[in-house]
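Heads up, the next two complexes both have chain A, just with different partners, chain B and then chain C.
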Partner chain A sequence: MRPSPADILRAGFFSTMMWLKNNRWMFFTVFIWPYLLAGGMLLIGTAFGSLETFSQNVGVANPVVYMIAASGVVMSSLIIVDDVANFVVYARWVGTLPYLLLTPASYPLLLLLLPLPDAFLGSMSGLLAALPGAVAVEGVMGAARIGLILLFVYLGMLPLVGLSVIIASATLIVKTDENIASFLTPLMTLVSGVFYPITILPPVLQALAGVIPVTYVVQAAKLAASFTTPEVAPFLLAAGSLTALALGYNGAAAVFIRGVEKAVKRSGAV
Partner chain B sequence: MAAISVRNLVKTYYTTERRGFLKRRKIPVRALRGVSFEVRRGEVFGLLGPNGAGKTTTIKIITTLLLPDSGKAEVLGVDVIRDPVRAREVMGVTLSVERGFFWKLTGRENLKYFGILRGMRGEELEKRIDKVLELTGLRDLGGEHKLFEEYSLGMKARLALARAMLHDPPLLILDEPTLGLDPHSARTIRSLLVRLAREEGKTVLITTHNMFEADLMCDRVAIINKGVIVAVGTPAELKARIAGRLGMEFLVRAPPAVDVRSVIQRALSKAEVSVEPTQEGLRVRLVIRPEEEEKTLERVTEALAAVGGRVRQVRVQEPTLEDVFIALTGGGGVEAVTG
Partner chain C sequence: MSAVGKFVTIVWMHVLRMWRLKTSYVNTVINTSIWLFIFALSVFAFTPAEKVPEVAPFVFWGMLMWALMSYNVWFIAGWTWWFIGLGMVEEHLLTNTSPIPVLLARGVVGVSLAALTVLVLSPIFYFIGGPAVYSVAHPAYLGLGLATLYVMAASYALTLAAISFRIGVPGVILDITNFLAFFVGILTPPTYLPASLRAVSLAIPYTHAAELVRYGAAGAEPLLGVWAESLIALALAAAMAGAAAAAHRLALKAIRKHGVRGVGRM
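== the complex of A and B ==
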């Protein structure tokens, strides 16, 4: 019997849920994480001036809500890279990789779909963790902002999936146990403009920021954290940029992973 | 139609040798040099060979995890190279009994995960999980709701076998399924595999270097050495190949620094020697002609005495499958024989 794409997603979802069920302390760390990160950033930020100065420098109306949400955004956006790109490394380490590749499904489908539920749930929990903080500071408006940001996080995941699948395929072919994404995620955080404006970055990094999906998610998060009356145009621009990047990255991934199965089997990388 | 048909498989690997910080050199390793054999439907077939002989490479090609440089392999008429996805549907595989599961999931949860990945669902999946837990004895051992990280090696082996059987495949391919297991677990797994072949008509292909195991459970065996099949037949047929010879076994004690194998090999220039450590000392096994018995005993005793060792026990018996293996492969790499 062959698994359908829905079966592969179901298996990924099942393992994540069982893992969380059997590791209940993980709930605590997932929910405390954005607050620790936001608290740390605000502490460092206020060491250089007041919250108002920070607000002016970063360009958001409510720095506290923004920092909580931004921490959630970064966590949620990058979790897809961690989950999908590191999936092969993790499976190889645990020893499940050959058994996953022995299931009657194509390698690209497995690489793409199996880690998705974990990434989806991880993103959601990251932002849901930020929700109580946002509601405490701003009430219903805070919740609305988080909801809007969550939408952009999921949109931002689309191009990151393509990028992550390319990394996962490369990891599978070259038979490395290196976490290739480990240098990529800090770089994305650095240039995405989450903790300071992109305009203060050198031109090369500004150009790099333009092709990193997280940048547009952060842009949308900033808009969501600063608007008083909703303006649709800036959000549409961010959404359009993310869609364009999604087409580019996923198109490249589709070409790249076509030869993965053969390359892996030739090199004996499993 | 054969359950498994392997024809002229050739595979060369490239390993990398580091020569300084940046310099590397690729070294070709010819793992398979034209391996051919057939496994009949409903039989338990053993692929025997010393370490590095090509057993696992052969298994990986048959199970679609590796592409050969040339040659062909079919499972139940399906070409594993041209149609790997269909080939994977008809086989259940175990590659390592120790790993391959999620540590933080229970035995049942792990099976359910892999079952879903086989397209199984609902009551059908739950019933199959119940059946394989029952068959492997994991339920009686309390493994169903225990986290995999708390499993003993014997339980891990049973769970690996349970996963291989989960989708009820007609073909089971198991790479060293009893390696490192205690005698009781090994016996349970052996008898289950034989029962599956006899009662349910499953075809079982196992690799092992446990000659006792192969002799006991395999209908036929193939001996592979240095990437080539050197013999195929029933254990009785293979033993007949060295009819008229005897297996001579020594239990010896020697200082740790002494390479007993080399010492005995020097004393008996043409003999094929197998050495394995046991609780009581080193177990040395030779294949000899009946008229050589006295001379062999004398030479081995003298050679060992010269390096500070001694013979504690000697036993001479009819040749076993292990003796055939020693005679055909030179005895290299034979590992612990567990009962």
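== the complex of A and C ==
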């Protein structure tokens, strides 16, 4: 019997829950990483410079809230890419890939839906972890900022999933147990300008930033950490860019994944 | 086979493995270089433009020390997970080969990765901080600092490996302790830290090696003085190496009696 999309999502969710149950340490670190990262950056930043210089250079009103939120954004975005893009590599490592490919489910659906619950829950916990810190510093306003950023993280998830499916499909063709695409996640963080202004990057990287979804999520996070009276236009611009990227990447992924499916059925994937 | 012959064989096997996983190897260098570059840019975002040339050498040498420490801890202690899981501890003991040199020789991978990462980062730091980034004020102290840092990192990794022969050590512990050591001990000189954190920094062994590196490279006077820091760094490195050796002796004794924690594929 061919499993329905709901069955695949349920299996992915169950697998995530069992994994968390058996790896409590990892679950714990999801909640402390944004604080470790933000605390470390603030510590070395203020040791060598000052918060005022950071506010001026990056253009945020509250550097502490921004650092906590930005660390959450980095964690959340990386979890999405890592879960979906590296799904094939992990399945190959633990030896489940042949079994997954033998299931009667459509291969594109499997690749897209199975890692999705983990990506969704992981990205949510990454940013929700930043919530207590933001509330402690700014109260209700801090919570509102985090809520707004979370909305953008989920909007950013749409193009990121498309991009990740392309990477995962490419990994399937390469037939190696090495994680060939692991440099993509730090590269995305680098060009998104999460802890510094994007303008200090070389022009090539600035151009690349335009097609990386995380850039617009970071842009929204910077706007959310800056405003006192909300301005709608810049948020709409970031949302529009993410929607355009979502259409582009998912369209490309739909075409690419079909080609890969044919190639894999012809020559195998292991 | 003689002990030297065995060690050369072990190093050769690690080099072969490194060659077989060359894509991952290159990926690791690129990956770490980008992360370190992100951290460096973040520090400079806090620094006023006129202070960047002064701060750049500290950050550059901090990144180098992080690479040396983190790679060796991960590629010795982190790799033990595979070593145990594949049943290789038992295999080596059956051929009368101690697992210690096998783990210690992983330093070949760690040191070569650190060297390549620094090679990738060097031109970027030259562009940011100018030639002062590479100036070396006291080469002997720089060498002593790097050597003691390496011994400390390798000893810490070997101690964790010995513990993991008996009980599970969560990998995230390596991440968190490395991260704390990086921010409080390695990257930031104690004189730059708030007074409340200075004591924490001085309690981290790597800080003393890092103070020597900063003195050797940029001539930055250590908080406790050069001689005191040299003695402390040497004493700590020796103590940590001794602790690692003792931990392995105990672990091997226990393994011979009760077996390795993992079942393995024997």
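Everything that follows uses one rule, which is that the second predicted complex is superposed on the first by the 269 of 270 C-alpha atoms of A that agree within 3 Å, B and C clash if a C-alpha of one lies under 4 Å from a C-alpha of the other, contacts with A are read in each partner's own complex, and residues count from 1 in each chain.
The rule is simple: contacts are C-beta pairs under 8 Å (C-beta built on N, C-alpha and C of every residue); 3 or more make two chains touch, one makes a residue touch a chain.
Quantities reported herein were computed from a predicted structural model and do not represent experimental measurements.
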Partner chain(s) touched by A:186 [first = chain B, second = chain C, both, neither]: second
First (chain B), second (chain C), both or neither touched by A:200: second
First, second, both or neither for A:53, with chain B first and chain C second: second
Partner chain(s) touched by A:258 [first = chain B, second = chain C, both, neither]: neither
Which superposed partner A:40 touches (first chain B, second chain C, both, neither): second
Contacting residues of chain A [partner chain B, same complex]: 1-4, 7-8, 10-11, 14-15, 18-19, 22-23, 94-96, 98-106, 262, 265-266, 268, 270
For the chain A and chain C complex, residues of the former touching the latter: 25-26, 28-29, 32, 36, 39-41, 43-51, 53-54, 57-58, 176, 178-180, 182-183, 186-187, 189-190, 194-197, 200
Residues of chain C that touch chain A when the two form their complex: 21, 23-24, 27-28, 30-31, 34-35, 37-39, 41-48, 51, 55, 58-59, 170, 172-173, 175-176, 179-180, 182-184, 187-188, 192-193, 197
Residues on chain B engaged by chain A in the complex (per definition of touch): 13, 57, 60, 63-67, 85-86, 88-89, 93, 95-96, 98-106, 109, 112-114, 116-121, 147, 163, 167
